Amino acid sequence: MNTPYCRQIHYYETDKMGIAHHSNHIRWLEEARLDYMKKRGISYVHLETCHILMPVVSVSCEYKKAVKFDDEITVEAVLSFFNGVRAKYEYRIYTAEARNLVAVGASEHCFIDEITRKPVSLKRAVPEYYYRMMQVAEDDKSRRKGNQ
Amino acid sequence: MNTPYCRQIHYYETDKMGIAHHSNHIRWLEEARLDYMKKRGISYVHLETCHILMPVVSVSCEYKKAVKFDDEITVEAVLSFFNGVRAKYEYRIYTAEARNLVAVGASEHCFIDEITRKPVSLKRAVPEYYYRMMQVAEDDKSRRKGNQ
Amino acid sequence: MNTPYCRQIHYYETDKMGIAHHSNHIRWLEEARLDYMKKRGISYVHLETCHILMPVVSVSCEYKKAVKFDDEITVEAVLSFFNGVRAKYEYRIYTAEARNLVAVGASEHCFIDEITRKPVSLKRAVPEYYYRMMQVAEDDKSRRKGNQ
Amino acid sequence: MNTPYCRQIHYYETDKMGIAHHSNHIRWLEEARLDYMKKRGISYVHLETCHILMPVVSVSCEYKKAVKFDDEITVEAVLSFFNGVRAKYEYRIYTAEARNLVAVGASEHCFIDEITRKPVSLKRAVPEYYYRMMQVAEDDKSRRKGNQ
């Protein structure tokens, strides 16, 4: 369950500086977020089936170390905040082997109705998804406390 | 109306070879196709409003000359075949000033119903769009004959 | 000189939510930043010729309003901080006509030597570029004061 | 060695049609090609170290079946032609489980010197790479004959 998300840098993700273009890291955060949720039994495909979308409200990324074509990275995600209306994730990207810190990121999300595009309370809209996310947020909090 | 589509190469479109990655050309063909139709009064947004989609059935591109960050290119499109069920476009990408040939491309499309995802005859589905496209295909044929 | 950067949302920039994917905004910030500098006589291509690169140290974006295929946006950039070692830009993305706020962004950059990949002082490395950027930062500061 | 390349469709690879945008398939071909070579002991990173690049001369793709977010695909590549100056790859993309055909593709490549950007003969430039590729092309030919 706690296996971090792992992937390689594709050739088309590099730019003329010879490193992965910084916009790709934002995409890797998304990959890692969806993988993280899926591994905890929370499928985004399922949420969409319930006509709920989870758009990005804000995103940020600090770049610590450039990565290159064919480098392997791991992206660790945690659900750092969730109240049924907003969710916040925090991320750390590492090189897979040496575990050098590549980037630190964060993203904030809300929940909207697919049709009206208005914010919804997840507790009312898809209660089982809400309780599962609450559980994940709790687990992440305990785990981080345990790490201290 | 016959102004070709013009745009600059973005930094994020380059790869570690120092040139625009070849997958971007496929995207430029799409940009040019939609721009070309729009300039001829055929809006893809309008087609979507009629619940018709126009997916790509095949695409091809021959790369003649590399382009670099900040280079300006023009992409010329023609509707080379259209029968209400299939449409084929041909493209030529040039450097904007020197008009060096950058790439030659082609794409083939069908028309499908947004809901059923089954092929439709555009003549029956959106007749005014069909007749407008027929007109464009005719105009392109005459124009090419005139150029010979 | 003060014309803001303007562009349309491409079809391939949309995602299954039907709106431009949030990673594209990060790319538009780059487009706007390079356009902004160019319009002020500071060409990134020139900087590269001097073997200086300007990688992104951090980036952030708050999403206020979704944009869709074919929407026209303007991206306004300002050089909000510059000391020869670090540069910070701030951005506002608007819908072109109605001027609804689409997103607010920021990016931070350093200057590195193309070969050694070590940070450099722009003042020492490319003085004329340094003085030009200082001028732009000053102009932006006065302009913002004038707007208050 | 013959494990095909496998990956999932990312959310950011979808477009407003709700399916993976057709330009991504071109990128998956590249992923599969580089993976295929690597698994046969031919690393593109090594080729670059020898100052040889392998740009795309042409690419084509026929789309048979749409793929969606979170779908798993396999991309099978073969080196169908190689003479030291040109290389041609052929690809078949399948859904991972049901093995429905998603797309059929092809790409052609040449070899150029990183500095002069002129075509080179791989046999003269990096003989060990040339012989290894010859071997792979032979193996692929026998394997396809065996399959008949």
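By letter and in written order, the chains are A, B, C and D; residue numbering begins at 1 in each of them.
Operating definition for what follows: a contact is a pair of C-beta atoms (placed from the backbone, for glycine too) under 8 Å apart; a residue touches a chain by one contact, two chains touch by 3 or more.
Please read these numbers as outputs of a predicted model, since none were measured by experiment.
Note: the chain lying farthest from subunit A is B, by mean C-alpha position.
Among the pairs B-D and A-B, the greater number of C-beta contacts is found at B-D. Measuring from the averaged C-alpha position of subunit B to that of subunit C gives a distance of 30 Å.
The mean-CA centres of subunit A and subunit B are about 35 angstrom from one another, to the nearest whole unit.
Centre-to-centre spacing of subunit B and subunit D amounts to 25 Å, using the average Cα coordinate of each chain. Taken residue by residue, subunit D touches two or more other chains at 11-12, 19, 23, 27, 30, 69, whereas all remaining positions touch fewer. Chain contact summary for the complex, subunit C toward subunit D: residues 11-12, 14-16, 18-19, 21, 23, 68-69. For subunit A in complex with subunit C, the touching residues are 17, 19, 22-24, 26-27, 30, 53, 55-63, 66, 117.
For subunit D in complex with subunit A, the residues that touch the partner chain are 10-12, 27, 30-31, 34, 43-45, 69-70.
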